[in-house]
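Beneath this line is the structure, given in structure tokens, with notes to follow.
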Amino acid sequence: MNDTQSQIESILFAASRPVKLGELVKTLGLGKTELLELLEKIKNEYSARGINLIEKDERYQLVTNPANGPAVGNFNSAELREKLTDASLETLAIILYKQPVSRAEIEAIRGVNSQYILRQLLIRGMVEKSTSSEDSRRYVYKTTLEFMTHLGITDMKNLPDFEMLTRAVSLPEEPPLPGKKSNDEELEKNENAPASQDEESGIKN
Amino acid sequence: MNDTQSQIESILFAASRPVKLGELVKTLGLGKTELLELLEKIKNEYSARGINLIEKDERYQLVTNPANGPAVGNFNSAELREKLTDASLETLAIILYKQPVSRAEIEAIRGVNSQYILRQLLIRGMVEKSTSSEDSRRYVYKTTLEFMTHLGITDMKNLPDFEMLTRAVSLPEEPPLPGKKSNDEELEKNENAPASQDEESGIKN
Amino acid sequence: MPYQVRIEKFQGPLEVLLQLIEEQKLPISEISLAEVTQQFLEHIKSLQDINPELLADFLTVASKLLVIKSKTLLPSLVEELEEEEEFSDLAYQLTQFKKFKLVAKYLESLETKKHYSFAREGWEEDFVSFYPDPTASIGVLYKAMQSLAHSLEEITRLPKQMVKEVISISQKIKDLQNLLGQKIEIKLSEALQKKSRTEIIVTFLALLELIKQRILTVDQEMLFSEIKIRKFNQPVI
């Protein structure tokens, strides 16, 4: 198959939104006519498959074949009904106590990638994502009002051991630095250590 | 095309996350054998297209064809991938060819405490930690689908055989063989190794 | 430089050892390991006040090197130590390490191509429906937080304990010098008495360091007899 056709498929797939013909022109450096031909070809080749290409006002999008609506619906509702794993509950607990909290913070606390767990909690309406008030490029997670009502919580501070647990569950201290003594005092200091101290470390660069 | 195959494609597409074989069994009410056959068929049919089906440990995910990495990267220009460090690559190399592998085994080969690097790889989603099937008190590490997408591996079976890849390293007590080809050349060749060699691969599934 | 960058650029003991051997274009063998032992010890010396966890990793390798090197010099001692198999497999370990470095290089070559695959970014917003898990009660979430707090505490406590267990080389050198100052001559068995494995390694290492610096000298009157340590330039009693 044609390389450009393959590239168009990849772009449409990764985009997960309607893509304007103009965007494809810009990214691929090809003319409209040529692209339209290839898009038509893709549309035909996929028409009988589980993934379809649809077009509206020169915007293109890959979607599921409508004939498979019931199967996809079953899959989604099974996902909704699934019992939360310990990993999911842990993530939810962090969001509940530490909100608003970023994905990076959650992952640093848990020590494991949490992308798909967050997605699951979002889909089930227990948490929501919004842009941080401090940094608009950063997303933060919060529990939804519905979930708080469901839990019967009106004020986060009423959560059991709120003060103690929000303090204890925070980013782990950095492990002791090479070239530094790692007694308690040093660990405290390291967090705010000026960059200039780094040169003294025993590490070769 | 078979209706079930179309349904699988739709589900994998809509899910936008790794889907377990067990989930498909539940949703579609079909046996594992039948599903595995269809999944294999999908994988083959898509292999030359812009969308690929990848698999690891009975988890399936649709992703873009790695050959189109630069084009897709251009399109969603925001996405910058951080390069793996030497220590991370070294640890991944061990996990890749020894999986499932315990932290103790990894450290025995690297000769250094690897807790920190493993944590970084877990947070990045390149590896996952699970309990050993032989001993539930023991943790073992495996590579993930995310590892495959980062390195553009579409099928674990296509990875070069460990012996072939490390032939250049002679056994202890033996002087290095003269007139060896450079590693780079060897590596290039391995990538295009014929499928028949796959059976000999050192990868455990 | 942030901690992460430093730790990931840090060269572990096998890395250092491999470099020493390759710089001299030697094959990996016990003979070449013995040859670079001195340089390896010097490298450790340059790692003053290194964090104890990493020091322990270096000392383990150093102890293996020292055993290999002293095989001809101190056969009786080596026999004792060699009961632990692992002392003799350094060449094999290094070969394995080198192999995986080659695999790492291959992985790097894949990464350099930037042949990334991308998953679908989005998911349909209309999938979202409020469907909480009934088991996710305040009690359960509270417990999850408690166990998180507990395991995070463990993570930070662990390295602190290591400090107490490992003695620094420089301290050990001082101890040995003090011991000799009082006694003029001590027996190796005394120096190693009632010591933990780590301490034996450190003592042994310190001993070699002192010999190299011509502060100490060792004597063995005959094969398998007691090894005596005394100050350099001091007459044998």
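Going in written order, the chains are labelled A, B and C, and every chain counts its residues from 1.
The rule is short, and it goes like this: a residue touches a chain if its C-beta (ideal position, glycine included) is under 8 Å from a C-beta of that chain, and two chains touch if they have at least 3 such contacts.
Keep in mind that this is a model prediction, so the values were computed, not measured.
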**Message:** Taking touch as defined above, what minimum step count separates chain A and chain C?
**Reply:** 1
**Fill in**
Taking mean C-alpha coords per chain and comparing to the overall C-alpha mean, nearest is chain B
**Message:** Relative to chain B, which chain's C-alpha centre is the most remote?
**Reply:** C
**Request:** Report, in whole Å, the distance between the mean C-alpha point of chain A and the mean C-alpha point of chain C.
**Result:** 38
**Request:** Express in whole angstrom the distance between the two chain centres, defined as the mean CA positions of chain A and chain B.
**Result:** 21
**Asked** When the C-alpha atoms of chain B and chain C are each averaged to a single point, how far apart are the two points in Å?
**Response** 31
**Request:** Give me the residues of chain C that touch two or more other chains.
**Result:** 7, 9-10, 53-54, 118-123
**Item:** Junction residues of chain B - those touching two or more other chains
**Value:** 13-14, 16-17, 62, 64-65, 67, 72, 76, 116
**Complete:** In the complex, the residues of chain C that touch chain A are 1, 3, 6-7, 9-11, 46-54, 118-123, 127-133, 135-138, 140-142, 144-149, 152-153, 155-156, 159-160, 162-163
**Request:** Quick one: which bits of chain B touch chain A in the complex? Just the residue numbers, please.
**Result:** 1, 5-18, 23, 26-28, 48-51, 62, 64-65, 67-68, 71-72, 74-76, 115-116, 119, 122-125, 128-129, 146
**Prompt:** For chain A, which residues are in contact with chain C within the complex?
**Reply:** 10, 13-17, 76, 80-84, 86, 88-90, 92-94, 96-97, 109-110, 119, 122-126, 144, 146-147, 150-153, 159-161, 164-165, 168-170, 172-184, 187, 190, 195, 198, 201-205
**Prompt:** Of all residues in chain C, which touch chain B in the complex?
**Reply:** 4-5, 7-10, 12-14, 27-30, 53-54, 57, 60-61, 91-111, 113-124
**Request:** In the complex, go through chain B and note every residue touching chain C.
**Result:** 13-14, 16-17, 52, 54, 61-67, 69-70, 72-73, 76, 79, 81, 83-90, 92-94, 96-97, 108-113, 116-117, 120, 148-154, 160, 162, 165-166, 168-176, 183-184, 187, 190
